[in-house]
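Here the chain labels run A, B, C and D in written order, and each chain numbers its own residues starting at 1.
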Amino acid sequence: MENKKEFIIRTDLALEKSEIVKEQKGTLGDGVETIEEEKGTCKITTVNILNEKGSEMLGRPCGTYITIESEFLNKNDASCHEEAAKCTAQCLNRIEKFKNAKSILVVGLGNWNITPDALGPKVVERMLVTRHIMDTVPDELKNGGVRPLAALSPGVMGITGIETFEIIKGVTEKTKPDVIVAVDALAARSVKRINQTIQISDTGVAPGAGVGNKRAELSEKTLGVPVIAIGVPTVVDAATMAGDTIDRIIHEMKVSSEKGSEFYAMLDDLSHEEKYSLIYEILQPYEENMFVTPKDVDFVIDNLSEIIANAVNIASHPGFTIEDIKKYCI
Amino acid sequence: MENKKEFIIRTDLALEKSEIVKEQKGTLGDGVETIEEEKGTCKITTVNILNEKGSEMLGRPCGTYITIESEFLNKNDASCHEEAAKCTAQCLNRIEKFKNAKSILVVGLGNWNITPDALGPKVVERMLVTRHIMDTVPDELKNGGVRPLAALSPGVMGITGIETFEIIKGVTEKTKPDVIVAVDALAARSVKRINQTIQISDTGVAPGAGVGNKRAELSEKTLGVPVIAIGVPTVVDAATMAGDTIDRIIHEMKVSSEKGSEFYAMLDDLSHEEKYSLIYEILQPYEENMFVTPKDVDFVIDNLSEIIANAVNIASHPGFTIEDIKKYCI
Amino acid sequence: MENKKEFIIRTDLALEKSEIVKEQKGTLGDGVETIEEEKGTCKITTVNILNEKGSEMLGRPCGTYITIESEFLNKNDASCHEEAAKCTAQCLNRIEKFKNAKSILVVGLGNWNITPDALGPKVVERMLVTRHIMDTVPDELKNGGVRPLAALSPGVMGITGIETFEIIKGVTEKTKPDVIVAVDALAARSVKRINQTIQISDTGVAPGAGVGNKRAELSEKTLGVPVIAIGVPTVVDAATMAGDTIDRIIHEMKVSSEKGSEFYAMLDDLSHEEKYSLIYEILQPYEENMFVTPKDVDFVIDNLSEIIANAVNIASHPGFTIEDIKKYCI
Amino acid sequence: MENKKEFIIRTDLALEKSEIVKEQKGTLGDGVETIEEEKGTCKITTVNILNEKGSEMLGRPCGTYITIESEFLNKNDASCHEEAAKCTAQCLNRIEKFKNAKSILVVGLGNWNITPDALGPKVVERMLVTRHIMDTVPDELKNGGVRPLAALSPGVMGITGIETFEIIKGVTEKTKPDVIVAVDALAARSVKRINQTIQISDTGVAPGAGVGNKRAELSEKTLGVPVIAIGVPTVVDAATMAGDTIDRIIHEMKVSSEKGSEFYAMLDDLSHEEKYSLIYEILQPYEENMFVTPKDVDFVIDNLSEIIANAVNIASHPGFTIEDIKKYCI
């Protein structure tokens, strides 16, 4: 079944990819390490890709991928949101390149005209921007309490005519930040993970990741500055969901009836080409632009952008609490 | 397979419902009449439900359901949009109760905070509202060239705390229109029909139709005034899509391999309860609030609302052309 | 100078009107009573119009007009906003007809497309609407802890073609609230009061008040239900400001130089017609639609709508705190 | 009176500045040349600052300042808007550096959160951006019919923490356009000119111009690429308006009565310090952030941004008409 799975499953979450590989191969091998923790209502899973072997297995560069999951992220619960923001800030501070940076550039990726892709720009709107007012910051806050922070949403190529990378590169050269934090909306495989998961990674943004899908790599290699990526899966693409449904029906039939296993065997009998063409026929109507999102996506993206902005704000400015941020930011 | 289909397929389009029935029973019987036409890039299908038998078969009240389909509705093509608007206006004028009305109330149903549900409110924003300025209308336009038109978006119960029906009933009693035009976003069965179809019906709005789903009947019976419904399917709900995928895989296997027909026979062998529980297991993750929409839904809803507003404007005010409307409306 | 003043000064604040009368006549007579208090950063002034004489003097119906002033209302200070919301809620509860009402309809007046006029609709968006879910409210909250509350923004006549009054009357008849709270943006005389003042009155909304200016009276007399008006001056009209400038120059010259008093005497010598025509010439360019607003009006209106919504929410639902509201509302 | 005037009058329009100088000195001298034309409903005035003397007199660099005025710009009249767009495109093409440029970067200055300052960003939203799709442009359009055009709204320093200049400089270095077109909202002296005037100049954007007021110079000197500025006055600041009112009252009194001239003489008698302090007292309440705008500013800015975007689109892409643009752009 691997080929089919490769054909249809799209996910930007290292955690989901590791689950898929585990399901397929039974093990992640010795190139990948996963650690699970619980903090209040949040579950934190760290996937460390340790070497080339792990990198190949998960299709991602070596580095750390921290996933914060909470079923309250997309519910209307202010105190759980605050907990999630604090938890995300702590995870962010585990990344030394962020923690030790003297100045920060926050970049909001994605298209602000498309609601499930607008997460990054909406986070940027809520950042406590300080780079231009550092000379007015009180002395007691200057030794790291408030760090110079700039924030920019470069838009997408269809809006500007300019590769996102070029804009960020140009601005990085002019403003010389120590670290870039790139916030982006992601695609998940599983409907259950939509808007309930935050992923932090220290490897930057892979080419073609995100909801919008056409983007050059943003990383220390390409930009000359470490890039921390923060993402939330806000959609499942319709083709992935259709493929997932096919998997589920096969799985259910295997489990729920003996006849299912006959069917499974039968599907196994089909040649690779037959399978490919079957899947292709079924998925054809779900063009690349069809996505599964919750009905209240506008509202949920607002909440998520506040959570992530709070997290980045308090992690960037240790002299400030979330209460302080609310006093000074919109 | 009927039970399964009943369980999972949701559509507000009479045309889709008639297709499903035809597929299942082979015929629509003598209670339903369908007529097809082509006008430029638009395909018009009229489904007339003639009697109680037809009504039961399609699960809708007796009356006329006109569907205008064009693959350009959700593309960025101003001249096809104008053609579709004119075609929709002509279809609207086939309904005598609209054509002969001396005054019109346009009602935009749906939740303006949820993009795929905001079609109705967005149409209302673009209406050429005249009821309050009829005494300033030039004499030559008064004999039907411009009709008194009012327009209102009542919001949804979650926003107002008031049943939509109560607001419309209250306003209808105060303003006494001859006809109500209710514009609403709909749910379709097929992803292909999303944002490519306009349905006009003279039977009002059924309870529970639309994207938002919790609404009392709006009809001549309940409001005392004829209600013309205009709707566009803007979503497919995720459970319907998952169910559709299951149908497709079964169908494809039947067609593409002999083994498929074995599988089909096998599924047929399962008892009703077994099938129900299989489907239930598979659909569980796609909660009622998960929808399939195109990524550019914000942009498409804008275009569609302009098309429908233009149609209702020129049909309501025969003295005006689309060019005139552009001059006077936003 | 009275005539000139009458000609140019426009204010919806009873407090400003009382100041103008005092300035002109030296006294408010025995028809008007004013009481001043301080609560933290808020100054509360209650103007009671006691009888016909007071009513004529201030050009307003008999009743209570409570003004809450705070220089922090239009600043970005979350804790002062909370203080102002609580203070406003207390003032609202001084009005018996509100305090004792079993059910509440909040009406957001004004045009949501015009930022300084959008206060009412924005407050409605933030209301904790409960009328439709009273059967799910826990028993311990039912004895007044949560009251059935509905909320509606009727729009303005230019948008709907329907007199605001007709919509509210229709909805009132259907939903039968015990009291109506009408929230509106107002015009002030003084630039200093813009967005720093909240006025509560128990006399309803006068015809032609508000930023939008064309509205029928909303009161117990016309609607059959007590109407509490809450307003914030968000603009000064440009003609009023120009007139105010003229007053100021005259006043300054009187005070700052002997020559000023000659000038004042000279102005006094001009006949009424001469004065009228002088003023008319000067004010002509400032058409009725020109207003003075702060540059950051979008941001300030957002803050003010949150303050007022919080106030109405906690006053309407005594079982809830502002913290609770934040948890359940957007 | 010059000192007072210097103190209070703020205008970004070269035309207004030239009128003020003419009023004060009676002549513009030989450093400034003005040419007037009429095209349909548009009046075009070209102010050429020829030398250092002219530059000093008008407080602006040498170069060409073209002003297009039409009383229909802020009215709802689609055909006059089209005329104005065409007229503006023609004026833009008179500037050789624009006409001969092989590639164009459009920059939308100003703060998109503040309606009267959002003109530039709104124009950028409507640009027919082509830089990223030049390889898909049909051959017949390639020889200048469609030019590579990129568009960017850099935001303001309060939003990004980055000087606008730095962002534009960075992006310019990466994308290497032949010419930059910078669109900005301006401040006028006269209420009459608000939203009725378009200014094009080939000298770039002066430091501190625009509604937002804190900006480094954008010009060929600072960016290494010619900068064409297009601006529309969308506000008069309240202090300028108050000052203008003072001027008007003095002027009217001079004209309308002999006593006025006494008053004028009297004002003249006041020492410079006395005048300064008088004006200061009067203007104090109108803080820097108070502006005069029309009530329907949201709607007018939408219209103006469409007019200017159409103008820049057809001037940049001579192979396209406004009709074509409507077909391909939002």
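The rule is short, and it goes like this: a residue touches a chain if its C-beta (ideal position, glycine included) is under 8 Å from a C-beta of that chain, and two chains touch if they have at least 3 such contacts.
Not measured: the values here are computed from a predicted model.
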{"item": "Chains in simultaneous contact with chain B and chain C", "value": "A, D"}
{"item": "More contacts between chains, A-D or C-D", "value": "C-D"}
{"item": "Inter-chain centre distance, chain B versus chain D - centres from mean C-alpha coordinates, in Å", "value": "46"}
{"item": "Distance between the centres, which are taken as Cα means, of chain D and chain C, whole angstrom", "value": "36"}
{"item": "Chain centre separation (chain A, chain D; CA means) in Å", "value": "42"}
{"item": "Contacts with 2+ other chains: residues of chain A", "value": "299"}
{"item": "Residues of chain C touching chain A in the complex", "value": "76-79, 299, 302, 323, 326-328, 330"}
{"item": "Chain C - residues contacting chain D, complex", "value": "113-117, 190-192, 194, 211, 235, 238, 241-242, 245-246, 248-249, 252-253, 256-257, 259, 262-263, 266, 269-270, 274, 277-278, 281-282, 285-287, 289-299"}
{"item": "For the chain C and chain B complex, residues of the former touching the latter", "value": "125, 129-133, 148-152, 155, 157-163, 166-167, 169-175"}
